[in-house]
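Common to both upcoming complexes is subunit A, partnered first by subunit B, then by subunit C.
On to the complex of A and B.
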């Protein structure tokens, strides 16, 4: 922990970064909140433990943070993948961000550029947790009608607060299609059809781009497992196209490319 | 009670399937009238939301059809569409949508007979499945359905 704080403080003091995005203790003992540290004295308040699950990369694209100057961001494995995906989508410049990578064992590593991030990410394990895999398998194993009913009940609890959108680092459109009302493409009402449409749109717009951070489900006040929709599509993109998001700085978006021999046994 | 007549919405490409369906007509091949065709510039233009909107407005089945790979008027629209459909199908399957209600096809401008055969088959399949009551409908669509029934 000291390493993280002294590291942040040293970077700020040296003027290498203007702002450090990390975590602070939250409003109670079970929570952490994002911290935007711009002077060395505040750096002592940074923490990193298992309460720190939010993907902080989401703040990097905010105008206020961009205006602050070069940023350092405290990164778990998923946040590092987000940085690579941002680079692939031309959201951040190669040297705009210093990643402070914190591994599962608490080791703090400075990754000064995206090349270093890429090398670091390549060494990290990636995949579904046993819990996530079990939940996907359970849903897949349900008979069709029950599966539909289960999702209808789950998505029926959505009241369209769009916290999932706000928490997702890759839902960064300055004007979301959901907010377009002339013509109204996605209905605003939180009715069964509107909820289904919103959640399908969200999943599809992230298909092949989602870096598996799980911030969407984490942010959902109703505890709906919307992350599973993304995880399933992410797996499908790897199986069908061999493309995973957040592994490289190169643009390699599954739905913006194709191979003439992609499988098509489902097409008549 | 009269036999259930499924409503099928077909999203088709202007350059091949639409012309193919035209050929079906000019060849005087008779096929099921249950299909409502919507002509779009390219299968690459067919947003998955259009499919959901069709279901939401009362469709019981959907056909999406475009040019064979390599024949796209815009070079690669159908290749991109194919990838999108693969992921979309997986998502629908995971959500519990019956994939027998969503059909994808390549029908060229010369395949009038194939179009007739495809539509007839989809109509028969969906007729067996019955009306798609599980899918949430828009209010207005539910009203018009009541009128028809």
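On to the complex of A and C.
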């Protein structure tokens, strides 16, 4: 059976890709780190296990990584969804990247183009883990005042380091609205108002685009459950607009498209 | 020799109560939602003194994450400008590890350099640090490579070291430390106790002085910095959790009719760090900003301010979303600089 390492080294040896974006063992047994492998010998250091949760698609838009040439990316299910979402948002060309898909059971498959990615994603189970669902249900069930208190406390820890934004593959705006100061849309202070506005604006901008990789919350040094905001908005986008992110390489973004037969009166 | 006292764990509540009654704000490590952080305390109930390290540092005590400096308003043709005076309540930082105690020397060097900083200086002057030797560390700690150590007393007004489960030896190191003991004389017993328990074993990994000397040679080696920083996402996490990062931004916010001037933290990871109004950025690449982070802490600050910009607390590495391990990177740089790579 082909392994991740043999795949990666074969792609590099054949000159099909210049760089493989994958994971290497990190500082300790609980951490993996992104790795950029450009020589076949180094491919042996690639790993894929429970630690490999970061969405590596984020690197495909980085100028420093792009400069290295055509890339193969080690992809868990959420990273595959990101590739489709990137294509739908015209971020990557159809043949720009080779996906090395690793399924939950460890099977490694090469997906040479986005059509193959789409077929592969369609076959995979998708949904929230019981922990995620339970946490959303718990917060949903809180009376409004208590829900407000819970979020105020949670977001109160935010110090605007923007690690969530940096780790999120869909937060790719070259000039984020929070960095714009003429006019200033979002208060700069990491105080209750500034934090609320920042986190809510970010969540809204990702509604219908978030591919549910969880990288934002994993990156947050303050351990804030921002992923829950995104997950609820993803759910709402499906309910209201019928679209889930990362299912198709050709798809309109729900909050930026217009349909003459929209069900809402006000927009027609 | 400094003066010593005995402080029983059971007397910590009395100590905190006495300090609070004397008008001191007491900050100490407490556990909250599974994370240990410095928080204001009024009793000893939630103290978590057996911690390795807090997620965020205590620098906010003297350099808050945001601070209002001015308010201005425009009504017709009338413009009013009002200064917001700096708040500097007398504060005791209780139970900070030696690396954090040492970090105030870097903050002091930066904020009292040149003209002095009207917002930070009074807070530094109002701060008393009661340090706590480290019983344990983790793989991210590298204090001993940057001139510190798990029982290092520099930066402490008082240093506590565990004698056993229930008792600390308190070394009173400064006048300020003495004044603190005088605020709560009942909490301290006379004596020095027997030998303190062994502290964490943190093996030195590189020599900071050699690194400082060699870094300028590496400045122009773009491949080194690119290789180290390719995975860096360019966020503010490492700078914001760091006890010694001092870069800040000043912005006017709200509208032209009612506005505030606010100082916030800045971070060299951000893409718009040092971006000029012209659009030019002298550090346009992530690798150049990573180089800045290392050079600033280990070359520029020692050269200009005679103090390292890092105390080896390891927070940046524990919090980095992509496992940028500063100790490991520095070890490599030191080896490269020494010509063994």
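Some observations on this one:
Assume the second predicted complex is superposed on the first by the 255 of 268 C-alpha atoms of A that agree within 3 Å, B and C clash if a C-alpha of one lies under 4 Å from a C-alpha of the other, contacts with A are read in each partner's own complex, and residues count from 1 in each chain.
Basically, a contact is a pair of C-beta atoms (placed from the backbone, for glycine too) under 8 Å apart; a residue touches a chain by one contact, two chains touch by 3 or more.
Here the structure is a predicted model, which means the values were calculated and not measured.
In the superposition on chain A, A:233 contacts subunit B only, with no contact to subunit C.
Of the two partner chains placed around the shared chain by superposition, subunit C is the only one that A:54 touches, whereas subunit B remains out of contact. Once the two complexes are laid over each other on the shared chain, residue contacts for A:26 go to subunit C alone; subunit B is not touched. Of the two partner chains, both subunit B and subunit C are touched by A:191. Of the two partner chains placed by superposition, only subunit B is touched by A:207; subunit C is not. In the superposed model, A:241 lies in contact with subunit B only, and not with subunit C. When both complexes are overlaid on chain A, the residue A:138 reaches neither subunit B nor subunit C. According to the touch criterion, the shared surface of subunit A, contacted by subunit B in one complex and subunit C in the other, consists of residues 191.
Residues of subunit B touching subunit A in their complex: 48-49, 52, 56, 69-70, 76, 79-80, 82-91, 94-98, 103-106, 118, 134-138. Against subunit C, the residues of subunit A that register as touching in their complex are 26-28, 31-36, 54, 58-59, 62-65, 159-163, 165-167, 179, 181, 184, 187-191, 194, 215, 218-219, 221-223.
Residues of subunit C that touch subunit A in their complex: 33-35, 55-56, 65-66, 68, 139-140, 226, 229-231, 233-237, 239-241, 249, 251, 253-254, 262, 264-265, 267, 269-270, 272, 285-287, 317, 319, 321-325, 328. Touching subunit B in their complex are the following residues of subunit A: 136, 139-140, 142, 144-152, 185-186, 191-193, 196-197, 200-201, 203-204, 207-208, 228-229, 232-233, 236-237, 240-241, 254-260, 262-264, 266-268.
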